[in-house]
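Working notes, structure below.
Here the chain labels run A, B, C, D, E, F and G in written order, and each chain numbers its own residues starting at 1.
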Amino acid sequence: MKTVQEIEHDGIIQEIADKFISIGIVTKASCVSCEIGGSCSAGDVSGQTITIPNVYRNFSINEKVKIVLKESLGLRALFLGYVLPFLFVFFTMLIVNAITPNEAIVGLSSLAVLIPYYSVIYLLKAKLKKTFTYSLKKHYNF
Amino acid sequence: MLKTFKLGGVHPPENKFSAGKKIEQLPIPKTVTIPIGQHIGAPAQIIVKRGDEVKVGQVIAKAGGFVSANIHSSVSGKVKKLDETVDGSGYRRPSVVIDVEGDEWLDTIDKSDTFDKEIKLSAEEITKKVMENGIVGLGGATFPTHVKLSVPAGKNVSYLIINAVECEPYLTADHQLMLEKGDEIFLGTQLLMKALGVTEAIIGIENNKPDAISHLENLAKKYSGIKIQGLKVKYPQGGEKQLIKALINREVPSGGLPLDVGCVVQNVGTAFAVYEAVQKNKPLLERVVSVTGKSVKTPINLMVRIGTATSELVEAAGGLPEDSGKVVSGGPMMGKAMADLTTPIAKGSSGVLIFRNEEAGREKIHPCIRCANCVSVCPMGLEPYLLMTLTEKHDYDRVESERALDCIECGSCSYTCPSTRPLLDYIRLGKSTVSKIIRSRKQ
Amino acid sequence: MEYFVIVISAIFVNNIILAQFLGVCPFLGVSTRVSTAAGMGGAVLFVMTIATIVTYLIQHYVLIPLEIEYLQTISYILIIASLVQMVEIMLKKLSPALYQALGVFLPLITTNCAILGVAILVIQKDFDLMQSVVFAVANSAGFALALVIFAGIREHLALINVPKGMAGIPIALVSAGILALAFMGFAGMV
Amino acid sequence: MNKFKVSLSPHVHSGNSVNKVMYGVIIALLPALFVSVYYFGLGAIKVTLVAIAASVFFEYLFQRFMIKGESTIGDGSAILTGLLLAFNLPSSFPIWMIIVGSLVAIGIGKMSFGGLGNNPFNPALVGRVFLLISFPVDMTNWPKPQELVFSLVDADSGATPLALLKEKVGNGETVANALKDIPSYFDSFIGQVGGSLGEVSAAALIIGGIYMLMKKIISWHIPVSMIGSIAVLQAIFFLINPDKFADPAFHLLTGGILLGAIFMATDMVTSPMTPKGQIVFGVGIGLLTVFIRNFGAYPEGVSFAILIMNSLVPLINKSFTPKRFGEEVTNG
Amino acid sequence: MSQIKNFTKGFIKDNPVFVLLLGMCPVLGVTTSAMNGLGMGLATTFVLVMSNLVVSLVKGFIPSKVRIPAFIVIIASFVTIVDLSMAAYLVDLHAQLGLFIPLIVVNCLVLGRAEAFASKNNAFSSIIDGLGMGLGFTFALTLLGGTREMLGSGKIFGFSLHAFPEGIDGMLVFVLAPGAFIALGYLIAIINKLSNKTA
Amino acid sequence: MSDTVLFTIITLSAIGIIAAVILYFLAQKFKVYEDPKIDEVDEALPSANCGGCGFPGCRNFAEACVKTDDLDSLFCPVGGNDCMSEVATILGKVVAEKTPQVAVLRCNGSPKHRERVNTYDGAENCTIAHNLYGGYTDCSYGCLGMGECVDSCNFEAMYMDKETDLPVIIQEMCTACGACIEACPKDLLELRNKGKKDRRIFVSCMNEDKGGVAKKACDVACIGCSKCFKACKFDSIEMKNNRAYIDFEKCVLCRACVKVCPTEAIHEINFPLRKPKPAVEKPASTAEVKDVNLVAEAKKNTENAKVETKVEKEDTNKQDENKNNETK
Amino acid sequence: MAKKADTFINMVIALLVISAVAATTLGYVYEATKGPIAEAKRLKLEKAIAEVVPEFDRIETIMVMPTEGKDSLTFYKAFKGEELVGTAVKTYTEKGYSGRIWIIVGFTDNGKIINYAILEHKETPGLGDKMDPWFKNPEKPKRMVLDKDPAKINLTVSKDGGDIDAITAATITSRAFLDAIDRGHKTFMSNQSNGGN
């Protein structure tokens, strides 16, 4: 049994229905500066909500919770969201570059690969939804 | 070929001063204080009242559930009070105080010394006897023995392991018991084997007790299915997970039980108690206790009635030395320090250890220098320095994921730390907090 | 060989954070946990690459032909900002689950100096498209490397008792300084 | 009645202590110190004393005014840092710079992180690298070894074998040519070469290392993996192109590899916790050292390599945890 | 009264560098000397004041969803103006500050103030706020630049202090990257300490 | 208009439109915008980020304030009523005043009153000691004196008095955040109403042993004799588990109970000098002056405070010194 | 103040207007600064030329490919009246510690160095960037390159057996510097002998 590494993120419970709980994710700006100073509210998009099946009992609305995602899942999301498309772009670029010296074509075609890539992602929507599951944890004060 | 476990371990000076001292019977004291919480599991329910007359062996508290054990009166006399008395920890705990009058035993008990070799009972009956007579593990954990004997359906036991390691420095109770009661121990072992339905038993003994090894090896010829295995001297070989690893090279999985790898581990003292309970119908009312220490006048092994005050034992060993600084119930690595000497001997007390003033104190705590000594000695492969820091920082989620709950509290880490950090103190705190969190999570 | 030099230089010798001081804000901000730092590294890899491609094309096919290179700053920043947003919107629209997982895993990616800086640097260095992309990739690798190492150090710092005055950002900066000091060992390696 | 002491178990202790560890290392360093005094005379004594005194002084100062705890100068770690810093300096190094170095080592490298045990980087090396970058001239001005000449008058100075090598090979000469007039390997072994105080005598360092191994102050993992990886990688380079790359023996005996491997990479505070991690750490230092020496601007790379690997220690500790009991169930 | 507070808060209490840790890249990148620090600080201040002013003037006109791109356009325009003018009239300084001038545009301080202050306040307060923050930023950059210049080359604003013995210019580290981090670390620690005392 | 200007305008406008289109879709997606009021509320909060309100940080509390309909269930103990009413004004909501509270220590067992029967030699941590045993005296309810509460206080409102081995709460600095209450394993700290003119009366003991046992362990223990219970005309004292508890909501500060307590376990704080009774009272004015001193000192350096207490002791007599533990 | 509603059209218009205004402003600022920027560049160059050759009143610029090296060098022939007072050669080297170094060197007609100035470099501050005063210090003849004829002396650092002492701890930069001068000199001389004019 290997220890499971987990990613935690703060969230606030927004709604508790019979079958689902929706949690608003508290987004954080990527610069400390912005976060500490509160001066970059450009990043404060708090529209992200996550709904997860309600198998919990002891939570209440507006409660601050930790949303837990397995670290491996986080890394997989990262891979699908950023790394894989990067690889597509990069390798398309290598290939097209070998075919034509025209940089405009090379550049545009490598960007264009993203379109089929995202289409595939779109087709896999349902599957991805199943893959990424979260659980909730309370904030403990011990 | 001596065996041992692989991961970690330390070798503190053995200091077995009371080795070779014959077990003496301690005179019955004037009063005994029998604590009710003597075992792991549900506490027993007191069934006597103030003023009741009791006999030796009479049940005074009934097991409070399956994982619990009966408690018997270890003396005869009158119940003086049912009170909450201060125990060794300074907290008030329920206990029964009995004024001793004479030494009247229940008739059902066979008081004779004759060795009763014949196994008459069936497996179920053995387990029942063990349960009725309140036998608990005498290796320190005081886990009710009948529970270990009731193997859940679906689990398979292939080995009975008798823990005769006595890896704690100073202590010699088990050692002496083996020398004096070898046959009884073997028979107890056979009873346990029968109860469990296994054909193989291994008695593991560290090789700092060569006399016990050869004595038992001689006797073993008479008993089939029981093997004696010498072990290299390394603490905490007596820990059951380590012992199983050493003897049959199986690793109990994290959070698992010996049962998960087809083993049951019992202490030699327990085996002896099982013999007495089954063959003589004698409840667990006395046990062997070593009284020892560097300046103790006559280090000694005593057969003591449960409930006797520690001070009586100390007197028998020549009185409390002038320079005593700390008194420990149990071994130096795992025992519990006592706040005073009124503390009664309970089923789990294997020794009374008296430290001189200069050995008693802990050194000043220095910052961790990350020397990794603690990591390399931890028999469970944990990182004690990290667990302590995380506990200090209240990061209990990580304390949990770093598997603090695997810690067997052997104390090797604190023992070896050059910065004399109280690692185990904090790890215990971490463990208890984590278990609290887990419990509240389950709700 | 030429690409090799670009890569070694960008990752070790002239590390984008430790020697060039680009992207210091996320370096200080997203470095409290190793896994998030790694995640940030991956995200920057993607964003920096496509941002470099797009700005490169804009530079060479719009700004230079029109002789309005001085609009570099303003057009790049607008393009990068929209690009980042576009990627997010696409993800969100196309696969909300993936988008959510990323949201939990990573803080918001923002346009920072590193991305704009690299876009401008490739122009200053007169790289062709391929070199530019290699440069961007190498720089994001350097970014990720520094970020992950630093996150490790910060996880360590979180567990020790730093003197009160130094705790937090000051000691993080001093550690970064010593890290930069160590990285000077790579000097002259290209 | 006696008042008993009460505490949780265990009630006994091995008797090992921080002081014992630190003074053990100091003892192990004495042979090397004697050799350097023998060859570098009063200069060596001066540098050593100033570095130790300044380090202890700054340790006291920072402990008193920044950390505000009991004085920690007794534990010997500041003396050790001072001594090792001195061992990394040339014997003609100006006093005020030594003091700056000690201030950096103790003040920045150690006390700012909270003192003994908390620093992620090796303090003596932080001091040394700081000095190397700040005062490149004085840091690379190596007096030639002279036997038992006790004077502070500037001795002849020259380059270390490594600096010579870098210089000449950089100019396109072959290694064989470059190393024509360097001291023999035997001289390097006993210490008759130019260089920092403590790094010159391989023999004395090895004696110290064996002492520490016997006393169980260090384990073999870091020194062996570090030296081994240097030997192997350098041998590969040497075999590929002996004109550009010197042989491994030359590299092992010159410069700070032994000092680094035995005394500095093994600093327990700044090295990984598990044997596996330590081997990774040692190999990492070895590889980086070889790369820096052969391809970098600096002739010597041990200090940088150790510092870089120091920075990776938290990650190594995360990835190479001890084998947990019961992790893989081996039911055999 | 409150205008004064608006103005002074940027110096110590809400100093964008020491306290808010905004725009760290130029802070570390250009502060090899006091002069560079001052120059960069003033350039940033100009952008800050002007964009604050313009943002506060046009705020009613911009739908909130596009405010960020709108602000960016405004800011980037001023950055370009600064860039061009410096290239024309302050050639040496422009060369020294190099890449970091266009990077003013991503300085969180500028966008942050526009967003957090100017888009909610009137023109005058916005200017004051920009000026205060900008000068606080300038102060920090100059202080850091001065420290690094002094330790690194024994000079301040180019004048030699003769603080080091003959033949030694200074501790080179402080001119190089590591010195920037270290000096800033300790400066922040000192400023924290001072402001805690006065608070 | 030159070409350049023309191209500039065209290019920039093109980019502007593209950005607008992209951001339009964005706007569709991110409908929920953060309420600017959150910022305002955040500004009004003290930024202590102490968690006293039950939220991880001030900003989260601000969010909660903006979202909720009922401010009454939310309270920032640090900012207090002023702060909450400011928040209420910003949000146009109403709040009921919360009575200001302060932490008090319910143990008075200094070495003078409790005999030490053993020496604790483990890690300096109350919880660890508590899990190990009852304590170094015969009272297993009393303070262990290792200052975990002090460590938990973010406001430097506590320090350990080296003489009495008990923590001291500095009334002026305590924000009633409750961190210390969480921290104490013996549950000795309690938040009580500050009271009129900062006056408070409470039982400073948690011992639940029977009278004799308690008295033997500690001179100043509550022995559960019920005299106070009988003396109280306002029904504000409750007897349970061999000890008395005074309900601060009901107590009218009449001090009837204080007089009758045989062990002086009931403490009164900040009351003026009582009519000449036993000569064991100290002039209240002295106490006042000292207090001011102490607060200033303690602010500077909690360590120093220990010296201060010593000074104070010279002109204070035994009984009042105990009460001072609270007054400070 | 009521914000504009977030309708699509509003957003487009708002951004369009802002972009347009910004663009117009920028366009004019650019137009306005174009001259001064070019002027500043010219001035800088002229200043550098003036530094390395004696007073002049007219400059003639030619580009010459060096015997080795990627890019061409620029010669600025300085005339006072009709007399050629010196030639400033804008030369470079790739051997610097970090990146190219651009130097301008003034030569007399027969190839003696009049003076030099550093135009552009990325050498380490405090080390390599000491090039400027280092090689023109009249008190240290072993470092001086002014007034010397590269053809007559060994223009390499003393470590390599040459006549010039390198900058302390920056031998690489010193070599590079001398390499640049050498390239300038060689090109200049071959151009002279080719009878460039």
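Annotations for the structure displayed:
The rule we apply is simple: a contact is a pair of C-beta atoms (placed from the backbone, for glycine too) under 8 Å apart; a residue touches a chain by one contact, two chains touch by 3 or more.
Note that the structure is predicted; figures quoted are calculated from it, not measured.
Counted as hops between touching chains, the shortest connection from chain E to chain G is 1. Taking C-F and B-C together, the pair of chains sharing more C-beta contacts is C-F.
Note: the chain lying farthest from chain F is G, by mean C-alpha position.
Relative to chain C, the chain whose mean Cα position lies farthest away is B.
Chain centres here are Cα means. That of chain B falls 69 Å from that of chain E.
Measuring from the averaged C-alpha position of chain B to that of chain G gives a distance of 87 Å.
The distance from the centre of chain C to the centre of chain G, each centre being the mean of the chain's C-alpha atoms, comes to 32 Å. The distance from the centre of chain A to the centre of chain F, each centre being the mean of the chain's C-alpha atoms, comes to 41 Å. Counting partners per residue, chain F has 4, 8, 11-12, 15-16, 19-20, 23-24, 26-27, 29, 33, 39, 117-118, 121-123, 128, 132-133 as the residues that reach two or more other chains. Shared interface positions of chain B, i.e. residues touching 2 or more other chains, are given as 253-255, 326, 339-340, 360-362, 367, 403, 422, 425, 428. Residue positions of chain A touching 2 or more other chains: 1, 5, 31-34, 38, 40-42, 45.
Across the interface of their complex, chain C is touched by residues 367, 386, 389-390, 393 of chain B. Every residue of chain C that touches chain A in the complex is listed here, in rising order: 25-26, 28-30, 35-36, 38-40, 42-43, 45-47, 49-50, 53-54, 56-57, 60-61, 90-91, 94-110, 112, 128-130, 133, 137, 169.
Taken together, the chain D residues at the contact with chain B in this complex read 1-2, 4-14, 16-18, 20-21, 75, 77, 114-118, 268-275, 321-332.
Remark: chain G residues 97, 127, 159-160, 168-169, 171-172 touch chain D in the complex.
Residue ranges on chain D touching chain F, taken from their complex, read 3-8.
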